[in-house]
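You will see subunit A twice below: alongside subunit B first, and alongside subunit C after that.
For the complex of A and B:
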């Protein structure tokens, strides 16, 4: 698109923006999504939730707004009872005996101590007393990054291949259809396992180490097929349209016809599928994390939170579940509605 | 003649999303006489279809019918009738045939099943009997082997046959009124004639009334008893057909009658609606003068195209679309190509443009054989030979502003130094084709069909071609808009010395535009010559059929 600088590029982007401005739901969704991105940025810069992994409360600290509640899980577990009576004096035979006095003195110098643990936290605590709200914020960073990045990658792959197959047809289409068939014939979860195994071994394992990039790649490589199929069908339909023929007649190159002429006309399909993919990938990340193939254990995501929430629910600790669900639901709803509004705003026919 | 149905003071408006309303029909009154044909004539947007669909209440959701409007049919007001009563009337006493037979029939049901369904819905007769009756109906609308055709699916029928099935369904329950909404617009001219004759014949035999809707005043002349001319939601003139044709009172009616290209003369300018509405009559301009042909720019020799259809693993059938066609285009002159759909005339255009690869023959352009050039070497020739397509609604990219549409070809061929210069040129082009200044930033959907076709012509001219292929450029336009586009094309040809290849199914239009006419049928040229000679003394039987199909 950059090669085709537009003489009136200002208005080309200004008018969609003006249309989006008039869409109240679209603007609210945009505000929510921007707020999430601001939160993620703050979390990445360690401005908020830096200490999400510190155990600041008692285990399963209850949410502040519930007030103090009985919390049997918080009281320290009864250990093995100490044997009664003073220990026998062994100093005569103990070679370390001279050192004891010094050790005792040095121990006294160190300030030990369990920090004071809060009995309640703003939105409660988890099993180790970590703040659930901090976890949810930090988890947003990981989950949204994974979901959006993977969806963008999958969209890029699916759109490129779909455009190629649909536009050129013939051999290219046959080949890509074959690749598509092979990909979709393998059960999804098996493909994920296989990819995870490949990515973790050998030099690839060093490159991707244990970061979230591995999850992004797994999701993108397994998730492009639906997008491919849709985009291919759209290109098949559009390549025979007269406006594409007209573009060919004035000498527009194949690339220009594919991406400058047809792509804007099929963008609504891509945008809708993109928003569905983001939603789906955030959910799949939950499953992957649950299976231990997701984000590394020293990170937190909505997926890991939901996985933990499973056991907590049994003993009536619902706050981690609600925190993760609320964060996720608000973001996904706003994101879907934003892509909907974006589609309308980008279409000059709908005013 | 007593009236079967009376429409009085009909007002229909449409609610738009933003709380605004648009008036489509503004106080229209007419009466459909019993056992006769009433024609509603007008350009697109004149409200003729909305008026007719109000009768069956088949209007879109956002339509508002004014409470004072009345449509009286055998003593009841159809506008206030209960939905159940309307359902009983539709298809039984009042039925309709629409413009697009291809989309009006259900593609997954056989023809017999669809005709029988109409019978069974309203007459409650057993399936076997309904099928027998369907076969009789198909025979009545002119199918040679009606029993066999019952099992056919819509895609196995041609457009004309599909429209005849639609008519069979419409008359199946012996309706008192048949509403035909542009039933022949999507059909070839010779088929159009057959369908019109069928409708007249059925009307007489069944003693029903027909409400015939068309944009072509000439067409309804032979069919209608009464004519109502509509424009902008109002009735401009109405009366018996002879009176309206011979002594039109309204200038708009006079304009509609005059804007069709005449067969017996070649005026320099075709009259357009505005000439008449401004009070003037037929513009003076004398006869059209044609330049003498010189050596020729493009010479096509033995142009051929076959399509291969794979029918099995190793088998393929070859379908010849164009068989050995030769012609020569010269500066300032026009070669007309006329034929019906499937005759291969559009394929010829595609071959010349290299949008399709030819199977044989050669196209010499300035000494170079276009067909042998590599795709890279074709590019400089794309600048010199341009095309305007049939459907102005499909040939402009809906996502490109008009400015971008017009500057893109200049950018590709590196015409003009910068974007500002190209935009300026685009502005001049728009002015030349008669479009308003502020069109540059607008999008195709904001323009009417005629305006879009002007934009498409401006795009083709943006690269200053020497040859322009006009592929059915006026076929999708109303008769009245046709004249303005044809005038523009003639002006441009005189100004720039363009060579035209003018393709159309309408012999009248081709005759008016061309210096040489090629009549094509099934990929072959069956007759060629000067337009006057072909008109005066057609040699081939097919040419005679085409001539006979032109409405008078």
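For the complex of A and C:
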């Protein structure tokens, strides 16, 4: 950090960092979260889990550490026995008869080999024999990306509106308070459902048919209100402070006072709320994807894994459930505890 | 309240108008001629200016007549009224159970604050909160109902008592257990705030035992934030149980909205959103009034 060059004036972010460094739980959580982000980065760059959708094992391959287990679902179903004897010669009446020779030749040119399928995978396989561990890593990438992107969008909306309402007051504040009241008077999940219905069947659904943007929009539009409330309160408090009035006296514009002067002074509040939003949004994304309203079907997230796991559990295949749960629980626990430590480090008075 | 309600109506109306699909095309289905679509459009009033459409919408809300579901042709107001009891049958016991379980545990944890028990409870609740609610339902339904047969796996009947005593216990138990951890953490902080107050010091000074202080003085004062929190929980009574309803096939409001989303059944979604917003506002108003009765110091501006 640049403050290192000037030891006499400690940067606003250096002392919280020092406090965080002393917090053992906080540092462990930070390590876990960073490990997850490294894993996501690797997954995004296709270094790991690139082939998560390839069917590498037999259906419901059991985890390697269990050793060989009876796996009746893997063996192909006993079909109808084929009738014996040579087929009757129909070439005289069959209009396609002249083409058979050519088709046989072209079939010979193509190679179709039965891919080698493993009987067991490190943490088992799903219904199509895809590696559960790969899916969990890819699912982490998608779920966390949705949570972080949605939290950033909600923060942007909430901060902008909150800053305007709190800083300007008067008419702008009344109007935005009305909007806030409208959004919070609708039970959250209903707003999510209404948005999901509208976006899925409307024209935006065609624009954002692929990728995670649909969920991100739904979460951001429904989740900005808490941030708005906090930022508005902070701006109300700060706008009359001396440093802001001093900035006004030397001719700083309203926008400059809002974003160059006040914003850095309330950024710790925003950062803490942002990390709380990440946790909340990941939980909602998992539920939405579980219900089929989240990420598209060609993607995997913790929620879609849990959706598959529900039916798998009934036939005793618990590996997908445990993998998704463990990946999610470890991340969310670490992230929540990091948020707690961040709050202590950034705002020691709040303890 | 009136401006907020107007805002909700405007929001829902313009949300569906601006971003939703064309109702006539959704209603007509995949194979429909242009004339058919045109006819439906006329019937719904879609060929008129948007102000006229907004008026149709507002009139529907005020008259409690939202027309019929696009898919099942059932009157939307009927759907609403017939699904509400099932939802309340599971959500009201959930709220009661979680409050009355969390209170004594939180008091106990606050009493032993800073001890191993306290830290253990805190760590446990952080971990418990990080596991998705879905996992609790999936595993709970599988183990308690499917494997051990303690409860029916899912179902719902016509008799209110049978529903409450046979089908509701498992979902209620799961939801209450899951919300227990955050509730305990919250109530613990309420109790801890009170233990620093002057009246606690006075009580100690006159020689009262710690349990007596906790049960008599702190509990009473901590009830005020607890009640506020219960008031915050109440709106969830109407839609908070949608996951349970989906998993346990309970014909409630939440499951109905979910089905409507999957079928693009706009009238049902719109009506439910507006009416539940109204109900939420009314419950909040009632909670404010109650709050004033409990604590006479509170004044309304």
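The criterion applied here is as follows: the second predicted complex is superposed on the first by the 243 of 351 C-alpha atoms of A that agree within 3 Å, B and C clash if a C-alpha of one lies under 4 Å from a C-alpha of the other, contacts with A are read in each partner's own complex, and residues count from 1 in each chain.
Here is the rule we use: a contact is a pair of C-beta atoms (placed from the backbone, for glycine too) under 8 Å apart; a residue touches a chain by one contact, two chains touch by 3 or more.
As the structure is a prediction and not an experimental result, all values here were calculated from the model.
**Student:** If we overlay the two complexes on their shared chain A, which of subunit B and subunit C does A:261 touch? Say first, second, both or neither.
**Tutor:** A:261: touches subunit B, not subunit C.
**Student:** Between subunit B and subunit C, whom does A:309 touch in the aligned arrangement: first, second, both, or neither?
**Tutor:** Only subunit C; A:309 stays clear of subunit B.
**Student:** Touch test for A:200: subunit B only (first), subunit C only (second), both, or neither?
**Tutor:** second
**Student:** Hey, is it subunit B or subunit C that touches more of subunit A?
**Tutor:** It is C that touches the greater number of subunit A residues.
**Student:** I'd like to know which partner A:31 touches here: subunit B for first, subunit C for second, both or neither.
**Tutor:** A:31: touches no partner chain.
**Student:** Determine, under the contact definition given at the top, whether A:249 touches first (subunit B), second (subunit C), both, or neither.
**Tutor:** first
**Student:** Residues on subunit A in contact with subunit B in one complex and with subunit C in the other?
**Tutor:** Looking at subunit A, the two contact sets are disjoint.
**Student:** Over in the complex, which subunit A residues touch subunit C? Could you list them?
**Tutor:** Residue list for subunit A touching subunit C: 178-179, 181-183, 185-187, 189-191, 193-205, 283, 286-287, 290-293, 302-303, 306, 309-310, 313-314, 321, 325, 328-333, 336-337.
**Student:** In the complex formed with subunit A, which residues of subunit B make contact?
**Tutor:** 353, 355, 379, 382-383, 386-387, 389-391, 394-401, 403-404, 407-409, 411-413, 419-420, 422-423, 440-441, 443, 445, 456, 459-460, 462-463
**Student:** In their complex, what parts of subunit A are in touch with subunit B?
**Tutor:** Residue positions touching the partner: 4-8, 11-12, 241-243, 245-252, 256, 261, 264-265, 347-349.
**Student:** Would you mind writing out the residues of subunit C in touch with subunit A in their complex?
**Tutor:** So the residues of subunit C touching subunit A come out as 3-5, 7-8, 11-12, 15-16, 19-21, 26, 126-127, 129-135, 138-139, 142, 146, 235-236, 238-240, 242-243, 246, 254, 257-258, 260-262, 264, 266, 269-270, 272-273, 276-277, 280-281.
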